[in-house]
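What follows is a set of structures for review.
Same chain, two partners: chain A is paired with chain B first, then with chain C.
So, the complex of A and B:
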């Protein structure tokens, strides 16, 4: 259901709500600009129940008796949710294929855009999972996940109003700035490592959270 | 507290900072040893072959003094980052020592006397303070600070023009580097004509776009000879006609082997009734005809099948409303390798008029068509309204505009337009004037002259980024400085969509929205079925 809504909204925005055919360019700029915003809603909706539901239903007590480490458990949850997100992204491959017969697409920029979406999807999934690990209420998990994702996405825009080190931190943490570089078709190891560390830290902190809970 | 819990809490208290520290270390480590991949088809975000070739011609150390204020907010911080990254790339590719010294005039660690020394240092290199607009405490404030680069090579040095956008860096830097590497390089002087209702480019933000090409100035064309140090004359959208003596001054300017870029408008919107178009002539038509270009000023290109967006009017909030307009036709280039075109696929040329090549006796000129109509182009004889609906209505007098030219270049030894049978009409005086001329009359050009004429002017610049890019390329070509145009050519807009019918558009919309969902349901169905079977 969530994936269907995501696909309808991206298709609607890219080809109907924006003047795609008036602009007349063989490019998916509007899609790559809109999707990260949509992800801030869509991904927390997928991850909100990952751990929170297990906690509210009491399943977590049983799961924690299984002979698997908390890290493996969190990683499994992450991969499950990330598979769904990736599947939704893969389904949008049909967009460039639709345009390709009508104009010479720069496939490099498209590949870059999609790599950016996969990295962003991974980071948001990990953040959503982290939010889910903190509460047994799915609504709170969603709200917390959305707030985290949105904050990371929007923080770069606050750089204009900040001074000194705070500005540097805001620009460093900005998902939007890093994504815009990748969406141009340029992949830099700095951006790659940044998104991977966001995933690593979020999953690590989620594991620690479960670890603590185990001994309550 | 249970000892095990206590131990675990202590472990978590250590583990959390460890996770964060590891992340930080990974990011710091990769900052020093970064690798990047440019997936774009023309490697447009990587240092170009033109820059590399030029860098390869260096024989001794290149030194770059960089005054970069670090504590600037966006968009300046993006420019600062692009300059730093770009310089590192140039340094990595340089075959000779490439020394980069970066000074930060806004470094909070600097004392007042150190700041003053830094300012004196920058002034000594000839660097002027740049006026930046920042937001501080929710207020827009101005900041005057040294912000720029100086390139020093052997005994020569040059200042890189102010870089306002990250994408401008490579061209501006390479162009300046070229000027210091080449001993014989002289900065061309480019003047924009004034006095006939042309927009004042020199007083506008557009000046910065041309700053990297040479010295930019305005010049009032009033019939007096154009100064000898001028290399390129640019005439952009004159609203009043050039008289005989002014035409003569331009002719003699070209006879000195100089260059002319003319972007002309033959349909002007009435200031009182914007929907009414007024035909206008520039007076330059007879001049161009004698150089080999005839402009059919009574005809206008129209494209009713594949029109481009045009600014129609403003709404209540002052926002410009765009609509597809047949008077904004897309043109195609028959010579994409021409430096003024630089692989630009299409160019929207609003209200352009067709031009043809005329027979010019005894002149070995190279005349090239650089933009021409597409298969959808039509030529309308009478266009007097700027109303999309009215212009969409077919007319019986319309003829095909395919392959009809809207922009041309002329290159070679010209003969003066004021010469008949090699006898100058005026040998000692300007036409229509009894006053003697200070310089001798030239009946043919003393060197290769360059002329670029486009029959779409000021609106061409407002009809998309390609318009401005074409204008800059045209000026670069005219100033015989086209070897770096390739850098800018990579920054072109995405390719245009070919003509789409209503069915095509509907199909794209339906397939893009319903297609992924159908695939999703198919997967769901297969998954459910397998589950039931098992």
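So, the complex of A and C:
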């Protein structure tokens, strides 16, 4: 359901709401600009139940007494949700296929854009999961997840109002800045490491959160 | 198999468990008895490692439950009070999933699953989704999940609550059978149940263990000696008045007085009073019809231990 909604939305935006046919260029620029924003809603909607539901239903009591470590089941939840996200991204491969016959496509930009989407998807999934580990209420998990993803994405836009160290921090954390570099085809190891770190830290904090619950 | 030493747990200012210590050996079926909110679930959650105690230590199969390797969890099967499971999975899928989590070798999975399903009476519903099952069946799936890896320690939190009498009997049967070779700790606030299944009873009240013994020993120790005395040849009022004033009679109450005889229910300090009382009745020239001892039941024991109405 969520995936079909996602496909319809991206398809609509890419081909209908933007002057795709008017411009007459075989490019997916609008798709790669729009999807990161749609992901801030779409991915928290997938991850919101991951841990929060286990907590509210009480299933966590069985889960956390099974012989598996908290780390491994959090990782399992992440991989499960990320699989869905990746599946949705893979389904959009149909867009470049569709426009390919109509003009010269910059395949480099498209491959770069997709690598960016996969990295961004992983970071958002981990942030959404972290939000889900924080509460047993799915609505709160969704709202918190959306806020986190959105904040990380647009924090770079505040950079123009900031100076000195704060400006550096805002630009450093900005998903948008890093994504645009990747979609231009500049795949920097630092960006790769950055997204991996976001994933690692989010999952680590989620595990810690579940671990702390035992002492309450 | 289960050892608890000075376990305490506080939730903020509320003390749920206070210095609980006990040991449970192999092949014991222990009933954990107490009113609601006494600390039964808290104790079980600590023993299974789901929550950490504020103070004290617990061991399962000689392994401390705060061991970071968490290897003690392999020895435990646990059914929490509410077992939601995964409603969208079928019973078969869920049990297979548990087999994999429990790292049962793929060659042994089929037989483990069949055995658990057979024992819990799930053969007819294996392909149904858990969400579509009745409460009784869902409880059995929870139980199957807890025993599928043949744990040496089985911990069940109110396994029969909300089930109909037939389902209750099924679960009791399973517990008795499983407890022949393994350690079972189950909680309940229903006395008849504990009496029917357990070989030993732990009574907990307001976070403290107040009794720990075999069911019959507890009734002997804490049950009051209650007698029914019936005589003829005297008016009910006179007799009741007289009997209540005898030494050693703690409590007397007139029960069903027939046209010919007077009956009273007595609670005596100890059994020797009964003989004295018999002699006094005969000295008064009344005819003694009946003097019988009522066996104190666990109900009485429970109330006297947990501060309920006597």
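The definition used in the following text is that the second predicted complex is superposed on the first by the 215 of 216 C-alpha atoms of A that agree within 3 Å, B and C clash if a C-alpha of one lies under 4 Å from a C-alpha of the other, contacts with A are read in each partner's own complex, and residues count from 1 in each chain.
Everything that follows uses one rule, which is that a contact is a pair of C-beta atoms (placed from the backbone, for glycine too) under 8 Å apart; a residue touches a chain by one contact, two chains touch by 3 or more.
Since we're looking at a predicted model, the values are computed, not measured.
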| item | value |
| --- | --- |
| Touched partner set for A:204, first chain B, second chain C, both or neither | first |
| Contacts of A:187 with chain B and chain C, given as first, second, both or neither | first |
| First (chain B), second (chain C), both or neither touched by A:62 | second |
| Partner chain(s) touched by A:163 [first = chain B, second = chain C, both, neither] | first |
| Which superposed partner A:80 touches (first chain B, second chain C, both, neither) | neither |
| Chain B versus chain C, judged by how many residues of chain A each one touches | B |
| Residues on chain A lying within both footprints (that of chain B and that of chain C) | 215-216 |
| In the complex, chain B residues that touch chain A | 2, 4-5, 8-9, 12, 15-16, 19-20, 22-23, 26-27, 30-31, 33-41, 44-45, 71, 73-74, 77, 108, 135-136, 138, 306, 308-309, 322, 324, 345, 493-498, 500, 504-505, 508-509, 511-513, 515-517, 519-520 |
| Partner chain B, residues of chain A touching it in the complex | 3-4, 7-8, 11-12, 14-16, 19, 21-27, 29, 91-92, 94-95, 98-99, 102-109, 111-112, 156, 159-164, 167, 171-172, 184-190, 193-194, 196-198, 200-201, 204-205, 208, 211-212, 215-216 |
| Contacting residues of chain C [partner chain A, same complex] | 11, 45, 48-52, 70-71, 73-74, 76, 78, 80, 82-86, 98, 101-103, 145 |
| Chain A - residues contacting chain C, complex | 57-59, 61-62, 64-69, 213-216 |
